[in-house]
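Below you will find the structure I want to go over with you.
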Amino acid sequence: MLAAASVGALSALGGCVDEGGVLSLGADPEKPTVAILEDRSQTFALTGTPKYRATKLAVEEINRDGGILGQEIDVFAPDPQSDNMRYQDLTRHAIYQEDVDALWAGYSSATREAIRPIVNDHEQLYFYTTQYEGGVCDRSVFPLGATARQQLGAVVPYLIEEYGDEIYTVAADYNFGQLSGDWVRIIAEEHGAEVVGEEYVPLDESQFGSTINRIQSADPDFMMSMLVGQDHSAFYEQRLASGLEVPVGTSTNMAQAYEHLRIDPPALKDVYAGVNYMEELPTDRNEAFVERYHDRWDDDGYLNQEAQNNYFSVYVYKKGVERAGTFDQAAVIDALEEGIEVEAPEGDIALDPATHHMEHNMRVAHADENHEITFDAERKIEPAFLHDVGCDLTSEDEQTQYEPDAFYEEA
Amino acid sequence: MSLGSDSSGGLLAAVREPFEGPNTMGNTPAFWLGLTAAVTLLAAMPVLFGYYAAEIGAVFLAYALLGVSLCFIWGYCGILSFGQVAFFGVAGYAFGIVAINVPTLTGLTLGLLAAVAVSTAFAAALGYFMFYGGVRDVYVTILTLVVALVLYTFLGQTAGGEWAIGDARLGGFNGMSGVPDLGVGIGSVGLEIGIVGHYYVTLGALVVTYLGLRALVNSQFGYAMVATREDERRTEMFGYDTTFIKFVVFTIGGAIAGLSGVLFTAQNNYIDPSVFGITAAALPVVWASVGGRTSLIGTIGAALAIQFVDYQLALSGSEWALVLIGSLLVFVILVMPEGVAPRLHEYVVEYRASPDPTPAETPAPGEVHGGDD
Amino acid sequence: MAGIELLNFGFEFVEVFAFIVLATVGLAVIFGMMGIINLAHGEFILVGAYATTFAFAAGLPLPLAMLTGVVITAVFGLVLERFIIRHLYGRLLDSMVVTWGISLVMIQLVRIAFGNSAPGVGIPFGQLPVVDGPVYYLVLATIAVGVLGGLYALFAWTDFGVRARATMQDEETARSMGVDTDRMYMATFGIGSGLAGFAGALYAPVMTITPEYGTGFLVEAFVAVVVGGSSVIVGTILASGFLGSVNAAFTNLAGTFMGQVAMLVAAIVAIRLMPDGITGLLADWRENRGESR
Amino acid sequence: MGTSDPTVRTTPAVDETGDESSQILQTRGLCKAFGGLTATDDVDFGLEKGELRCLIGPNGAGKSTFLNLVTGQLEPTAGKIYYDGHDITEMPSHERVGRGISMKFQVPSIYEGLSVAQNVRIPLQQVADGDEFESRIREILDRFDLLAERQTVASALSHGQQQRLEIGMAMALEPKLMLLDEPVAGLSVEETAEIAELLREIAEDDGVALVVIEHDIDFVESIADRVTVLDQGSIFREGSIEAVKADPEVKRIYLGEER
């Protein structure tokens, strides 16, 4: 009773509190600002740094060409240091203190989930660009990276065709890995193949002796590797050392953390990655992009798939604002939901209004014994899964993440 | 916050009396005046700086409450737990599970109660297991840390759809998202607690817990705790059931940590396994060590100050926060093992004692200074 | 078929056993001799690993690079002992808190200084026949047994060992008999650190080297020390054997994660049943004949 | 000393001895073995209410073990302990204290970090009410000559003061039986005399039964009428101090031990 009474009093007091506070100095509301919260240190520095750089590059290019609606864009970009608590603090700071008009944030799905409640509370326009497990159907979130279904949909059928129909899955033991494992099963089923073994490895595991044993005794036609992070990258050297020769399909390796450049050949021989982009993509548009990127950042850091996603998504945002004629976030979201096409380094692609995802130019990247990359089987793949589950943000606002096991028997 | 009137003149010494004694510092009107001023200032933060201060500040206050839970068991009963975050996190998850499934006022109220009950029961079970099994000293410390790390590993792999309780997905490494805000009430009568309300609820919980623990540690049970900390075997030979005392203290500590976990989770609408991780587990130890493990107010101050500095460092993008926090810990233990607040208190007492002591400072009957170590 | 599985289990056990022994001995020496649980143990291992990979990258042959790792870690341990740890003898809980602080600082410093990963060292010696796994794991197991034997020889047969055990049993008496206990502690801490560095060096080729490298050893190490109790060699062998077989069995049955969990649960139950560790129980059982407690 | 099988004597001591009115402490066939070594071997001990008994014997005779068995710090291997006519063999330590057994350890074991007043309050609050604490603490400190030190941290007290404080703390529990393990070890002649005086007072004025372990035979003579001599875990002699002193066998075991 005491608690109830004091809560009553407190909420009465709360009513007097102004959102900005008596002393608060808000950001200049006239100047459009975007936040780039990408990891430049600690766990995800390797993949986060190019994301930050490519976003910055895009904003600078736009500003040089006269900005958006004639206004220069300010950037708020502290380093969240791969720490989700920091992400939460910085997201709040970006929303309250910087009053940002759009937010790019986070490499891992965990980061996205950590800040999504804050983003939703404030209806903050948020671009999440990592290739991810898929399924986010959320009014203020635009997950523009390829989904697991898009990436695996590129590589799994290709390998079934090339090598045969017995698949062994090894994936990181967390959300992304588990859902990717589900997708491999679904796609295998759709193509008449079979998953003969499946294994989920803790994120901090770096000894794959027993895993390799089990793969060898299962003797699959090819294996799918959805391993992620530093510790897991030890797998490839151990695979080489143990003489495991089954071809490897992946949605996680090479395009993001450029294992083919960091690990000595031939550890990644016959690794096939389903990707929408890699720096090595031999098109004129991409080569020009890569050159601009390296000129701007003046070192030989790898330009990864996610960085490209960040880059084109800034242009998606620009088109949205221009179509809306205002930086007002609700208006921009509505404008984006009318559909946007963009000339991305990976090719011409379009935003899918209903799901806030992109269709992507998917291809299979193959590493040979010298870790040279070649591309094959290019085709456009739509974000089909969310359509199947009935996500249509143009007609109904949602803040959900759908998962395949509820919709496919095989999962 | 009715304290304002009590502390002003020392007229209501009788009201202060249960909160004072040699087991806590600050048994003077000046202290209570200072405390009131500090609480008033904290209460004014959202008014001065808006929702932003309320959102950020509520997290700091929840941390302070977590720090208090460790200070209480370590500083007063000598049980060093490296796993207070286990109770914090378990309660956070428990609240999330109930609240996501029943996001009504009744459900939220139940969620709060159930979560604190779960963390309390968990602490009781672990405490029973350890203390009645003769586990002591470093073994308790290691065991509690291992429990936190086991939870970290366990919840990290609950990504699959089978790890759902009703509508609540444990969510593995990505954490549990969509946890509703706090609410209190039954049926349609009650209050949903928004951003600012949450700040005041957290502040209120901290103040009430602080005062409650002050009263507890200065009670007969508090003496028994302190005696157990000082010399367990001796205390047993004075007829105290020290095993039971440790068990009770550990359980209360778990309950407080659990409450802070609920407040933290409801504030962020989110919880993930990193709350059980080794860095998170270190923080309460840092706050209590730096602030003073035998000083509740010192621990609260240290938690607020350290987290504020950490936040500022994060904004500036500096990577040095953890280095600073770790070094601070080493430095404090080496230079002033008792912590900052007890050391300051000593200076204050000496300062008052050395020149001509003013009559106002003569200790009230029943007050014994210098008992704090 | 069953034969192969048995072999696989055996190999798995050897692998885990060697890992726990090597991860633990450094910590066990320091705990057994000085009663200090060094929570920065994982970061001592980290120092050994980094020193090894950088020495290797600089062109030293692997064995020499590993030796460099050991020496650098031992020196590092001695420096820490002189400046910090020495002030904490007899302050059990404080020493844990301080070493925890050191651990936080070191992880972050390594991150700032060397970024998120270090150059790799390939696994030497190639593949085993029959059971699939690198020969190197058998080398590690042999080294683990060698380290235990070496420690036994050190404590049982050398003058240092006699003094060390005297200090361990009764510091006052040892001092009165002319043992420089301060130096004994320093030497012990140096040996413990060197052994930690050795573990880091030996696993540098197998595990990816990141700033959190040490954390991968930490849980196994202190669980084994606590389960083993204060007798360094016997405790380490028994605890590693016990935990290793639980881990290997459950890993084979239900995967890596269950192996880990089963091992930790077994450890918790073991501590509950034997609050002073396996060797504490043995000691109670056999030796406790003092009149007063 | 009767049959060597302690299990025979499972009936309550009161029935067997028939003198329940006077005996505060009895043990029957009390044994304690550590591994292969028997520290206490088939001890039948009896103590009258208000009696002051000294327990002597060479090092390793089992004296401290015996006290620890009575206080419940150790569990007997066999045998029974009766206190005030009740079987307390299975009772946990703290409950025995609640029944009125209090103990003074060999090394002064006070709360070194706490003030003298706080030290006394800890046992005191087991028997007194809140509003009496202040006056009772004063009373006890006054009696044990520590009133001036009431605010002092106990670690700052002299050795003699610490011994007095500990006896004061044991007395704060208002015990019926107090066990003291070498209460004058390391004390000066004057301090020893003070303690002797205190102990006699406690036995005579407060009616507390005392068991005192002591080596110093002069001190024993100054406080006790009867002594029990332990050797190798068993009761070797029991009787008046004069008789025991005169016993050549007692001399022999002492000389054999202490050389």
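When the chains are written out, they are named A, B, C and D in that same order, and each has its own residue count from 1.
Note that a residue touches a chain if its C-beta (ideal position, glycine included) is under 8 Å from a C-beta of that chain, and two chains touch if they have at least 3 such contacts.
Keep in mind it's a predicted model, so treat the numbers as computed, not measured.
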{"item": "Other chains in touch with both chain A and chain B", "value": "C"}
{"item": "Most remote chain, CA-based centroid, reference being chain D", "value": "A"}
{"item": "Closest chain to global C-alpha mean, per-chain Cα centroids", "value": "B"}
{"item": "More contacts between chains, A-C or B-C", "value": "B-C"}
{"item": "Centre distance in Å when chain C and chain D are each reduced to the mean of their C-alpha atoms", "value": "46"}
{"item": "Rounded Å distance, chain B centre to chain C centre (Cα mean)", "value": "34"}
{"item": "Separation of mean Cα positions, chain D and chain A [Å, integer]", "value": "75"}
{"item": "Averaged-CA centre spacing for the pair chain C and chain A, given as whole angstrom", "value": "39"}
{"item": "For chain D, residues that touch 2 or more chains besides their own", "value": "73"}
{"item": "Sequence positions of chain B contacting 2 or more other chains", "value": "153, 157, 319"}
{"item": "Residues of chain C engaged with two or more neighbouring chains", "value": "111-112, 215, 257, 260"}
{"item": "In the complex with chain D, residue positions of chain B that touch it", "value": "22, 220, 223-224, 226-227, 230-231, 233-242, 365-366, 368-371, 373"}
{"item": "Interface residues, chain C side, partner chain A - complex", "value": "8, 11-12, 15, 111-112, 115-117, 120, 122-123, 126-127, 131-134, 137, 206-208, 210, 212, 215-216, 251-252, 255-257, 260"}
{"item": "Interfacial residue positions of chain D with respect to chain B in the complex", "value": "71, 73, 92-95, 97-98, 102-103, 105, 109-115, 117-118, 121-123, 125-126, 130, 133-134, 150-153, 169, 173"}
{"item": "Sites on chain A touched by chain C in the complex", "value": "41-43, 45-46, 173, 199-202, 204-207, 209-213, 216, 230-234, 237-238, 241-243, 263-264"}
{"item": "For the chain B and chain A complex, residues of the former touching the latter", "value": "46-56, 59, 153, 156-157, 159-161, 171-175, 177-179, 184, 190-191, 193-194, 196-197, 200-201, 204, 268-270, 272, 274, 311, 314-317, 319"}
